[in-house]
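Please find one structure pasted underneath; my questions will follow.
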Amino acid sequence: MGKLTIGCFSSLVGSTNLDFAVKLSAAAMEKGHKVDLWVSGNGTMLSLTAQRAFKDYSYLEKTVTELMEKGLNVTACEACAESRGYHEDHTLAGVKRFSMDWYLASSFDADRVLHIGGE
Amino acid sequence: MGKLTIGCFSSLVGSTNLDFAVKLSAAAMEKGHKVDLWVSGNGTMLSLTAQRAFKDYSYLEKTVTELMEKGLNVTACEACAESRGYHEDHTLAGVKRFSMDWYLASSFDADRVLHIGGE
Amino acid sequence: MKLAAFVSDYRNTVDTLDRLKPEKLGIILIQNGVYHATTKEKGNASPVLGYSADYYVLQEDLETRGYTSADVGDNIKVITVSDVVDLLFNDYDKSAWL
Amino acid sequence: MKLAAFVSDYRNTVDTLDRLKPEKLGIILIQNGVYHATTKEKGNASPVLGYSADYYVLQEDLETRGYTSADVGDNIKVITVSDVVDLLFNDYDKSAWL
Amino acid sequence: MATTKLGFIVQRPGVKSENPKLALTHAIASQSVEIYLNDGDLVTADIAFIGDGVLNCKKDQKPEYLDMSTTESHIKMSLLLDLNVLICKEDLERFGMTEKDVVIDAEEFGADIEAKVVPYEEINKMMEDVNHLLFF
Amino acid sequence: MATTKLGFIVQRPGVKSENPKLALTHAIASQSVEIYLNDGDLVTADIAFIGDGVLNCKKDQKPEYLDMSTTESHIKMSLLLDLNVLICKEDLERFGMTEKDVVIDAEEFGADIEAKVVPYEEINKMMEDVNHLLFF
């Protein structure tokens, strides 16, 4: 079994890139792979707690919490989060916040890296 | 002098559409126009308080606060904000939160509407 | 109608400009739309400059990207945000952000 | 290299696919990229289908948009997210999200 | 007693981007705007799908994968609320699609009106006729 | 003692989108990654600008209008930190640009190396050579 590092830079609500990143994480974990998920840029939106579920918007808080209980490693870019006003005290339990070098360190021993950047 | 209603749906950090919307608001107010600014979608990011100013990211909190003191009317889409985890208690002082009909009501007596939607 | 169309990207994902047929059309190049004014590809000007329209480009968005008004053709008017307000109120009655 | 390229938009703003010359190329159509698999324009298939590559399309993104595997040509393999994991680990060594 | 007419123009495909859905939810909000207005004042919303935007009108969209409402259901809701929904005929033809491929009615919800597949010329007329345009 | 090589490929113009700048800040983070690694282990970052991405390399970008750092200054910082910065020659030529139009050195910061304008073929070699690709 291998290690997959996913970086996602797009927002939770407004784009479905994060939905895909989370689904891919779940599918990889189900096959026994270890998964690190780095969220940066607008993707740091995933790290905010107390998002409200509405039928018109993406909602991943519950899924991500369950996946973290099963071992998914989620880290948000601290500067990207702070610049948006997402502070430590509103961060979803279990999500870590580090500098960008965390993503590179995760890639160091990853077998595969999927970087969802563009746009 | 007229009334300009601006709707902006793009995020503060990650796109410069909101920067433009705020600059346009300031320029219109300087000419004596009344300006309503509606933020929806990822644009609701403008309504979050305590954003940190870094040189790598857009930062509008100070400018918007000053413009609101001069009469700029800023309203965020409540559902768009809530779905993202932006709640009342983290809202920038002076920014209102209403349903989408507020935007349409603002357009009712606007002389001009600039809707910054796409993407 | 008199329509002010804002082009804010270099690669447009919509072909709406092709269909708009207002009595008067203004095309305002802002943000990454300014590249249509500054940049030729293989010697050819951007097709966005090929409409029957009055053209404007935002000075600060030019300079932010490393260009000046000298990089822009005479057929494109270099304007400020303050000018955008006047265009919206005085010269056009509707606007379209494409 | 063996490269898996993800196409997630219908109107691509980059021409990177034209330049990539890996030993083996897989193109995975997801999100709005699935329209390349389902939709012809003026009777012509999307140019994105014209590369020398193995093609995949994500079933759930098809169905979310009102299509089924029946709307997709035989040269495109309909896959699940679970299959994407296997493609990444077993068939390709690098990936590119365009 | 005055009426302000808004034209919502959807130019892009949805799902990946929330913009087309926001166009529909904002247009639907024209039905509740009276609380802000004087008696008899109105805001109307016409909706037109042009270019790649017509792909939002495809029938049989499945909500379950993203666990989110579809643009199809929002178009039906718009019809139920008697909004004028226009779909560009030339763009459907460009994609080899016909009326059969797109959402036309919302009978199951009890809607009285249907979406109209019309030549672009009619959408152009709507754009001339409204007070303000909102491009999505 | 192992080295993992990352290739950062910038395909789009910046400013309006923060993505090219995030490419550079992430690449620069390769200089501080050791705190997470064992002694002697390394992560290297090569940066290539291709397609419209080369527009990020235009000289004389002014930061004052948006009150934000420019991609120009981030490229200079990358050079100061000895990162390998490649700019696609064919794409510059396509836009009628030459080495004179783009950021090549960061002498004023004391950088020892320069950005290299190279044929796409060399960027392709870099892409083959690295362990993982990150497209922006």
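Just so it is clear, A, B, C, D, E and F label the chains in written order, and each chain counts residues from 1 on its own.
Criterion: contacts are C-beta pairs under 8 Å (C-beta built on N, C-alpha and C of every residue); 3 or more make two chains touch, one makes a residue touch a chain.
As the structure is a prediction and not an experimental result, all values here were calculated from the model.
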Set of chains whose contacts include both chain E and chain C: B, D
Comparing A-E with C-F, the busier interface by C-beta pairs is C-F
Roughly how many whole angstrom separate the Cα centroids of chain B and chain D? 38
Could you please state the distance in Å, as a whole number, between where the Cα atoms of chain A are centred and where those of chain D are centred? 23
Inter-chain centre distance, chain B versus chain F - centres from mean C-alpha coordinates, in Å: 34
Among the residues of chain B, pick out those that touch two or more other chains and give their numbers. 13-14, 16-17, 41, 56-57, 59, 80, 112-113, 115, 117-118
Residues in chain E with touches to at least two other chains are numbered 11-12, 15-18, 25, 52, 66, 132-133, 135
Enumerate the residues of chain D that touch no fewer than two other chains. 8-9, 11, 13-14, 31, 95, 97-98
By the document's touch rule, what are all the touching chain pairs in this structure? A-B, A-D, A-E, A-F, B-C, B-E, B-F, C-D, C-E, C-F, D-E, D-F
Residues of chain B touching chain E in their complex? 7, 9, 40-41, 80, 99-105, 107-110, 112-113, 115, 117-119
Quick check: in the complex, which residue numbers of chain B touch chain F? 13-17, 19, 55-59
What does chain E use to touch chain B in their complex? 2, 4, 6, 11-12, 17-19, 22-23, 25-26, 28-30, 32-33, 35-37, 41, 43, 45, 131-136
In the complex, the residues of chain E that touch chain D are 13, 15-17, 52, 55, 58-63, 65-66, 70, 72, 94-96
Spell out the part of chain C that touches chain F in their complex, as residue ranges. 8-11, 31-32, 35, 39-43, 60-61, 63-67
